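This report refers to the structure that appears directly beneath it.
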Amino acid sequence: MRNRLETAVRLSGRAARGNLDLVGLCGLLVVVLVVYQRLDPTLLEPATITILSAQFLPLILAAVGQTIVMLTGGIDLSLGAVLSLGMAVFVINTADGTMSVVTAMVIALAVTVLAGAANGALVAYAGLPPIIVTLAASFLWGGVTLIVLPQPGGHVPTGLVRAYNLGWYGLALPAIAIAVALVLWKVVKTTRFGLTLYAVGGNEHGAFANGVNTRRVKIVAYGLAGLFTGLAGIGLAIQTGSGDPTIGTPYTLNSIAAAVLGGISFFGGIGQMRGTLLGALLLGLLTNLLLFTGISTFYQMILQGVVLVAAVAVKTLATRERVA
Amino acid sequence: MTGTTRRALIAAAALGALLTTGACNVDSGGTTPSGAASSDPSGGTAGTAKALKVGWSTIYLAPSWMQQTLKMLEEDVARLKGEGKVASYETFNANGDTSQQIAQIQAMIQQKYDVILVDAGSSTALNPVLEQAVAQGITVANFDSLVTSDKVIRVGTDQVEWGKMTAQWLADKLGGKGEIIAMNGPAGVAVSEERWKGAEEVFKKYPDIKISANVHSEYNLAPAAQAFASAYSAHPNITGVFSQGGALSAAALQTLVKQDKKLVPITGENYNGFLKMWADKRKEGFSSLSTAQPNYLSVIALEAAVAKIGGTAVPMDITVPLPKITDDNLDQYAKQDQPDDSYPIQPIPQSEIDKLIGK
Amino acid sequence: MMASTIRGALRDNRALWAFGVLALTWLAAIIFAQGFNSVASVHYLVQTASFLGIVAVGQTLVVMMSGIDLSVSAVVALSAVVCAQVSAGSGGAVAILTALAVSVLVGLVNAAGLIWLRLPPMVMTLATGTVIAGALLIYTNGSPRSAQIPLLDSLANGSVAGIPLATILWLAIAAAAVWLLHLSRLGRYAFALGTSEPASRASGVPVPVTTFVMYAACALLAGVAGLVLLGFTGTSSLTMGNPYQLLSIASVVLGGTSILGGRGHLLGTVAGALLLTLLTALLVAWNLSEGLRQVSLGLLIIVLLLVYARERRTT
Amino acid sequence: MTLLNVERVSKSFAGVTVLREVSFDIQAGEVLALVGENGAGKSTVLSLITGLLTPDSGTIRYDGEPVRAWSPHRARAAGVASVHQELSLNPHQSVAENVFLGAWPSRYGLVRQGDLVARARPLLERVGLDVDPRTPAGRLPLGAQQLVELAKALTADPRLLILDEATSALDDDQVRAVFRVVDDLRERGRSVVIVSHRMGELLTVSDRLTVLKDGEVMATRRRDETDHDDLVRLMVGRELSDLFPAKAAPDSPQADPVLRAAGLSIPGACAGVDLELRPGRIIGLGGLQGQGQREVLRALFGLRHHSGQTEVDGRPRRLASPREAIRRGIAYVPEDRKTEGLHVVRSVRANLALPSLRVLAPARALTTVSRRRENELVEELIRRMQVKTASPAQEVRRLSGGNQQKVALAKWLPARPRVLLLAEPTRGIDVGTKREIYHLLRELADEGMAVLVTSGDTMELVGLCDEVLVMYEGAVVERLAGAELTEERLVHASVVGHSTAEETSRA
């Protein structure tokens, strides 16, 4: 009786799954990769993949963390500080030897998870808007980092640094780490918790009314973001062979830019991690490309701003028709 | 729905086109010298005949000190190009992002640069990538903000000595006792920490000198002025100021002048705004000892790298002596006709450079 | 008119709280840290608070309509740099007007991006900030000038009856902004937009006009702050606005204005800026290490927000 | 067997007694209706049952045992499920995910989408919803979303189902689907408590009806012992025979249309809609839920891009934005008053004054708003509409639904609009306020306003409107006026999708 209407609903439903945005991003990524390949023919060689993945790993993982927080409808302005914190805690605890490195990783991750969970607890229990909590927390965790590691230093076993940056028996360790992290997310997303995350982001009150412990979900989400941010910090430490208490700052805004580029909504509940991955890759490759093109460094910043605006504007204008 | 895809594709195509044009520029301009370079990666025997592909990666380009450095570097590049020693030159600005700087250096390795100059954003984080560059046969010269790796040529001043020297002058000036405010650069940054480390060593010897406030600020006048004003309002009875940067010194002196307070000795740097004010207030009894992070560090780094490729045994650590600006030689430095935000420095004679790089 | 304004401020007790906390903190500072009771210290605190305060007043205007302006830091630098650059050729008056005009233009561009490109304010203003920073590099070829403009010099450094002129300017600007936000029709529209955009659209609120005016005003005030800073330091630099980006937002929130928009009073921001300046000065006076100082600042802000800036909207 | 027993329960908030010694019971396999005007205490009773509130005195027995430390969690565990008027769906997740919201079936901690979809299908079928379970819930029309809520409540196979205004957004067809579910539950010995303002529905589906007034139980009647008038009398304490005002004389001379639309089309929503709105006339848009009625209103108010001709006073005018529509004298009271109609967290005063700021602060855009004139205007509106509010400074969200609706309507009056567009003007509003609104609309029409109303309530359209256009799949399929305007013909056209006249001519 009402078939036509329902078909329309079903069709528009499928369109709303956000895959269209991803198609655009993928297209853009392919274009960038093709140009990149022209400029750097070694692009697809294992050595280059190792180098590039080592370089992109911190941004990708930071963006994953940022995405988790944004899915709950929040935002994390302290991400850069937590990243530095993870890095600092990691490097002051490492010594040569596998056990020591693993222990240091566990300690660093425990610290960043706790820092994230503390942010989450403030958001969940204190009724403070995430943007403000994490703004204040950025001072807090930045300060803690400076106490842990007052100036650049620390130590990461040289063997690990070499294996990570130059490949380990031909394996691109950072690429594997990224893949493992994304699989981890994929698993998390398929658990009840993953669905709850989207539920809380999409309609917090509704989730609460259906017996979801929204506060716990937020704390766990921020904690999980802390985990990925910590991993990013550890990656950066291994890449650079050391710790630096102020190195993380740019990651706050870059991770937000990657997530937004990947179609994650500021209002929560909308977006796919693969979008974020594409966004982070695109940002990283684009800035790298600028290095190859020889455009004056003065113009690089302008171009970055314009690319961000253009990408997000195209996306919002494209989706507008469906909403309005 | 089709509209969406179309728009996304158009945007992608437009961006692609933009990037491709950029790419072509490099292809036409950049391949010849790098081709020449790759034929002889060690650079040993070809000697002076080979023109080099040079790049500078800097953590910041915006500060005027960097701008002056860039100008000086470009002048030297022009001269070396004239001599046929340098083929091309490129500047990369990491804009404060160390990870970005790593990417830049990696890109330079990919593009087979012969010489990489680096003003580092982190004293440790760049080590692996720089060592990688060295392993690829690239000559890396690091200046100003130094890394800890011993595989690269490092051209710098002794930052600990900077702190020691200026702090010692202040301690002498105060007669070993008094109350001071310390003005430092941003916390967690190697340059700032090292200068303070040197200063602290000196002040430890003088238990009667009380450091009543230790202020951190960007090396930048406006925030420094605010930071100093707050510290000063809490401690109006200070008898001296230890400052490890020119803008910080200018901020402190300016505050004292504006508030019409007694002018206490302030250590400084060759920041023209400070030097001009100092020259102006010298007759009122104001005194300072300033030093400088000379812009010619970049030139020395470049020449050291070129000389090394040319076969000279260049020392890996080149420590450039810190200039001393005192009440007596102030007039040589203070440039009334130049903007405040510049760093006047006396040129270094070529013979001095040659001596430093072991020619 | 003044009486009703004060009554309005009283009704919104979060702004009032900000003043209370400010008074208490000041009292605590006088008791527990030396040097905060002198006239000179008060003079300098209110003077330095003025720079932040002027930016924060502008930020309040956009936060109230549930926006945010992350480009204020770039505009502060833009205005100072342009003014210094132009004054060399064309004299002070022209330079000031040019700087302010350019600042307003940035605000208009921000608003245009929000309205026509439908960008989230955070993305749009962040991007304009980046573009301005790049453009300034090109414009100055990397080396901004210094300038002595007598008008700006006396504005930033002079005082009348012991009150710094910069502070008087700040308070005058705050008064004008109170009128704009709390008494004028446009202010009502801004509040309406801040609480619900769909409802505002469906009630005939002129969304574009309101957005344009508020973002332009915010950028204008950032420009004014840049000029005052130029007068204060006599020199312009490309990074001189950086501290104001996040601190202006913190001032607004510490002043009791909801970051979500539609709630709060502009006068609270005045207290917020003073409070933040005072806290910074206090932490300097305690002579802690930088790490501890940042930790304390972060914790203090969180505690203060817990005391009076919690959101009770979702019930 | 008695499932739930409420005995002499009282509850007060801040000294105000909301419930006084309320007693009633629900048998297993029984459907009980709770009726009463807004503010009679129905929601408080429901909150006590679901454990959101605890009584000050009295006892509640569930399954024979007095409940202690009753909480939403425990109530849920004991088999109490509820569906509210307020939707709790996540618009961005799929229907299947929403059906199991918060209690997704999982294996080894992992949720499989295919499994969700397969399990959701029979539940959706049960509530008469034929949609792909993978569709994002936000894409469904409001009524369908409410049915998803019902499906969600059924996942736990509840012993006691509470339907709190759960049918307010549904059309007759969907309501029947809900009743099938209710009948099914009854047959299986489950119990249902239903709250609705639609008296007709309650008289169809419930076994007994308990009437509340001012926090007290007035009476509990069996369905066959009572009728509409009886219930209304108990609820309001008096006769309410004149629910609908008298209509405009059908043969009175018709003025020229203020607003005319020809060929109004929105892709995917409506096509080729023609309508004329004349001063003094109330026109209704009827039909099943989601046939494009809402979009027509939004298009006329400039909230929705559309094609086709629109004329105001005989002159072609583009209605591209609400501001243009308002400038042409059009006002709109949306269906979803909490997001589009009102600034719920702002004061009554701010809401009422917002569209009139041009008058209160004339001339240029920046002009000062006159507090005095604002207060006068607001007080006049509150008086005229009889808005029950503690003060003009009260936040709108603290008002009852009926009073919120009055504010949403009243705010337009000072601008003296010539066309009034109302979507579902009385949804979720008690009968007393309904009557007030009907009379006010007629009053406004008599003053020369042209009114266009959409409604899912057939009785409302028939009782209120001078003419009703029936929409089906985005097109107007029937126009009923005068004697032809009956519930029967209206329902027929809505369901069949073409007019009775066509049918006879074909036969």
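Letters A, B, C and D mark the chains in the order given here, with residues in each chain numbered from 1 onward.
In this section, a residue touches a chain if its C-beta (ideal position, glycine included) is under 8 Å from a C-beta of that chain, and two chains touch if they have at least 3 such contacts.
Chain-to-protein mapping (UniProt): A = Ribose import permease protein RbsC; B = Sugar ABC transporter substrate-binding protein; C = Ribose ABC transporter permease; D = Ribose import ATP-binding protein RbsA.
All values reported here derive from a predicted model rather than from experimental measurement.
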Shared chain contacts [chain A and chain D, defined touch]: C
Chain-chain pair with the highest tally of contacting C-beta pairs: A-B
Whole-Å gap separating chain C and chain D, where each centre is the average of the chain's CA atoms: 45
Distance between the centres, which are taken as Cα means, of chain C and chain A, whole angstrom: 31
Rounded Å distance between chain B and chain D, as computed from the means of their C-alpha atoms: 69
Residues of chain A touching at least two other chains: 145-146, 150, 205, 298, 300-301, 317
Set of chain C residues in contact with two or more other chains: 133, 137, 142, 289-291, 293
Interface hub residues of chain B, defined as touching at least two other chains: 61, 187-188
Chain-chain contacts as defined at top: A-B, A-C, A-D, B-C, C-D
Chain A contact footprint on chain D (complex, rising order): 72-73, 76, 84, 87-93, 97, 101-104, 106, 109-112, 130-132, 134-136, 138-141, 152, 268, 288, 290-291, 304-305, 473-474, 495, 497
Sites on chain D touched by chain C in the complex: 301, 303, 322-323, 326, 332, 334, 339-346, 350, 353-355, 357-358, 360-361, 365-369, 371, 411
Contacting residues of chain C [partner chain A, same complex]: 113, 117-120, 122-124, 126-131, 133-135, 137-138, 142, 246, 249-250, 253, 258-260, 289-299, 301-302, 305-306, 309-312, 314
Touch list for chain A against partner chain C, complex: 77, 122, 126-129, 131-133, 135-147, 150, 204-205, 253, 256-257, 260, 266, 298-306, 308-309, 312-313, 316-317, 320
Complex contacts: residues of chain B adjacent to chain C: 61-64, 66-68, 70, 187-188, 211-216, 218, 220-223, 225-227, 229-236, 251, 254, 258-259, 273, 339-342
